[in-house]
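Here's a structure for you.
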Amino acid sequence: MLQFIDTVGEAVAAVKDGSTVMIGGFGNAGQPFELIDALLDSGATDLTVVNNNAGQGDQGLALLIKEGRVRKMICSFPRQSDSWHFDAKFKAGEIELELVPQGNLAERIRAAGAGIGGFFTPTGYGTMLAEGKETRIIDGRGQVFETPIHADIALIKALKADGKGNLVYRKTARNFGPIMAAAAKHTIVQVSEIVPTGALDPENVVTPGIYVNSIVKVA
Amino acid sequence: MLQFIDTVGEAVAAVKDGSTVMIGGFGNAGQPFELIDALLDSGATDLTVVNNNAGQGDQGLALLIKEGRVRKMICSFPRQSDSWHFDAKFKAGEIELELVPQGNLAERIRAAGAGIGGFFTPTGYGTMLAEGKETRIIDGRGQVFETPIHADIALIKALKADGKGNLVYRKTARNFGPIMAAAAKHTIVQVSEIVPTGALDPENVVTPGIYVNSIVKVA
Amino acid sequence: MSIQTSATPLGRNDLAALVARDIAPGSFVNLGIGQPTLVSNYLTEEQNITLHTENGMLGMGPEAKGDEIDDDLINAGKIPVTELPGASYFHHADSFAIMRGGHLDICVLGAFQVSATGDLANWHTGAPGAIPAVGGAMDLATGAKDVFVMMTLLTRDGASKLVETCSYPLTGVGCVTRVYTDKAVFLIGPDGVQVRETFGLTFEELQALVPFPLVPFEEKAAGAVVGV
Amino acid sequence: MSIQTSATPLGRNDLAALVARDIAPGSFVNLGIGQPTLVSNYLTEEQNITLHTENGMLGMGPEAKGDEIDDDLINAGKIPVTELPGASYFHHADSFAIMRGGHLDICVLGAFQVSATGDLANWHTGAPGAIPAVGGAMDLATGAKDVFVMMTLLTRDGASKLVETCSYPLTGVGCVTRVYTDKAVFLIGPDGVQVRETFGLTFEELQALVPFPLVPFEEKAAGAVVGV
């Protein structure tokens, strides 16, 4: 049942130790920084985190990693100029990494939401990221079998929500939000604005409310 | 290269004998009637047609079937109270039928556009529509392997197009349009209105122009 | 037996009202073509149920009348419908992702037969020469969290549609969780088929009509209201 | 040889201008991070090229400056960019469906190595202890109709990056169709690696740098402009 929640702290109480947590965003666009900060405060640990990156600088996901709360990262691009907290944990053998081509990451998340048991894709065929995976030749092209990525929780950021939990996003901040909302059992959304039901044009809803569990407005 | 074409007749000249043609629409909503009529006039034959149904009454797709121009139908729901032309051809053994659960039809069309080589789905497992297909148990559920449906041509209907070929639809007339546009090598769209580039909000574009080849305005 | 709740068999409308009462507030529901459509007449505003139609919409309203009719706004049965505040439209793959991804709380379907283990047969008689048509039935049967069936218990010839094994071609395997009939409500689970209530006959009279052993409902088992 | 077109090696900007000239009008193009980004500076309005960025946009404009900067509008390199009329936004799975479904006419990527059969290595040095990061490189390499590589022909140590077989971990197999370098443009096809033009050296001098046999360009083979 959809809930409108007053504080990010109450919203992230749904995250338990050992949870798999998807976190939206690509770069800073679409990162639910306030929810991530609340997750840091919540103390939840032993997390598997799904995000495109593995934290940047000294904020958000990078701090979760620094504090040793992330057991495993599933991401496409961990290494960046300012991913020092991940780099340190990785080199110390204190964090597990599942490196996934970005398109496979997106498609595997989408597959989880869409009830697909697995799919074949040419991406990664013949590379070390396909090692140990099932492959087959389809229509003359080598393809790799990839499986859905499900999550217990999704933390995402949208621009507006209406009373039914329908969401719209803004520009490239949309990125992983819609597919993560569909792939997680429990989706928590921070929005800039809550509008009355009926205020969003049904043609323009990007994430229907069926995928949303908790909404919190962030100033 | 995107083309704006004056008449439906010129637009459907891209359909050749033997082509696989996807036709949008669910019921009358989203059916590109004018394009289908033009296809009838064009004389193209030996077609494989992908549509949710197999024609209704004495119009559109039903007439293409009546005239013997459709070699094979790929659809989910051929039998209706007014599908008499399909029924007659089918009983006479003059048309081939590939019956596909509607969700598999949609997902297979989507897979073609998205470059997926095939996928496993629980839909149809243990039924006669899975006979002869590869199956496996994934996470304890029986699943069936389904392959993408590609097409030479898509004929679809949208509400508006801009100068870049971006499309928006109207209500439940959206249905198969966006996924067929992506799955076909050549997508022909009939629209009610052509608006200047920049007149559609980039947040609300449903089909980006990259999927569109020909646009014809139908009064 | 104490499970009897009505002195007479239930009519289609009473049955629809019963199904509607059993849907939890806030649920997302897909109602199949035919008899299940009647359920929408008995959903209350307080229940705040969101209806999904497979042809690309959440927040579907009642059937459209007169000036409300819009050729671009129809349901899966191709009947003109209306749009409620908070509705949304999406394309067919996204619509079936909602169904197949397990996001619908309940779908309500008609049936030719339901088996003791929840197999569903509702799309094809298998008769020689019959032209098959499946539509979205297999996706709904396989994808919804709970699949409710509404049907008469007996065929016109008096045979039970609740059977040990379906003789008609299957729509889905082990997918039905409840069966609402004119004579009884059945809950299908790992422990067999429980009879939650009977209408106009005793448990023993009902058992005599159904060709496999039934189990009287136990209060500790699954209750009435299902959904979110 | 008649294929030489320039008396000196090409600088990065001249090379970017050459790539831009070779893109057919109306094409949909993805420019990778780094050197390929320079190509956008040389695309003309008449070419009507639509740029895609993997993080969910078609119709990307130039880098944003000053007041144009919007934290919600960035490219794959996380640089603030602008929006052109006719742009569209979509989520990550839809964005990668564009790339993976073969809808982009051309992508332009940097590389560590390209093999004689078009294998690409551009994501990982394979050095012990190096933290790998792949991003969208494998999707672009595998999905675009044509994959152009821009790189210097030689490493700082003077080794050819055009190799018989890649020693670095692969990004994609047999995917590169053209290689633009400071010393020559190479076309990779079923008949081997053709040299379309050289910059500041003869075919024979070029051949001496590359560790497998090159083929001089024949006019009948693939021309210059590629795309829609």
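Labels A, B, C and D are assigned to the chains in the order they are written; within every chain, residues are numbered from 1.
Everything below uses one rule, namely that a contact is a pair of C-beta atoms (placed from the backbone, for glycine too) under 8 Å apart; a residue touches a chain by one contact, two chains touch by 3 or more.
This structure is a prediction, so every number in the text was calculated from the model and none was measured.
Separation between the centroids of chain A and chain B, computed from CA atoms only, is 33 Å.
Rounded to a whole number, the gap between the C-alpha centres of chain B and chain C is 30 angstrom.
Taking each chain's centre as the average of its CA atoms, chain C and chain D sit 55 Å apart.
In chain A, 107, 114-116, 121-122, 169-171, 202-203 are the positions where the chain touches two or more neighbouring chains simultaneously. Counting partner chains per residue, chain C shows two or more touched chains at residues 57, 83, 89-90, 93, 96-97, 99-100, 143. In terms of which chains touch, the assembly is arranged in some other way, matching none of the line, ring, star or all-to-all patterns. Inter-chain contacts occur between A-B, A-C, A-D, B-C, B-D. Remark: chain B residues 26-30, 76-80, 83, 86-87, 90-91, 97, 99-104, 106-107, 109-110, 121-129, 142, 169-179, 206 touch chain C in the complex. For chain D in complex with chain A, the residues that touch the partner chain are 53-57, 70-74, 78, 83, 89-93, 95-97, 99-100, 119, 124, 129, 131-139, 142-143, 169-173. Here chain A touches chain B in the complex through residues 107, 111, 114-122, 136, 138-139, 141, 143, 147, 168-171, 201-204, going by the rule given at the top.
The part of chain A that touches chain C in the complex is made up of residues 1-2, 112-116, 162-164, 166, 182, 197-198, 200, 202-203, 205, 208-211.
Contact residues on chain C toward chain A in their complex (touch as defined above): 25-26, 28, 50, 52, 57-59, 83, 85-90, 93, 96-104, 143, 228.
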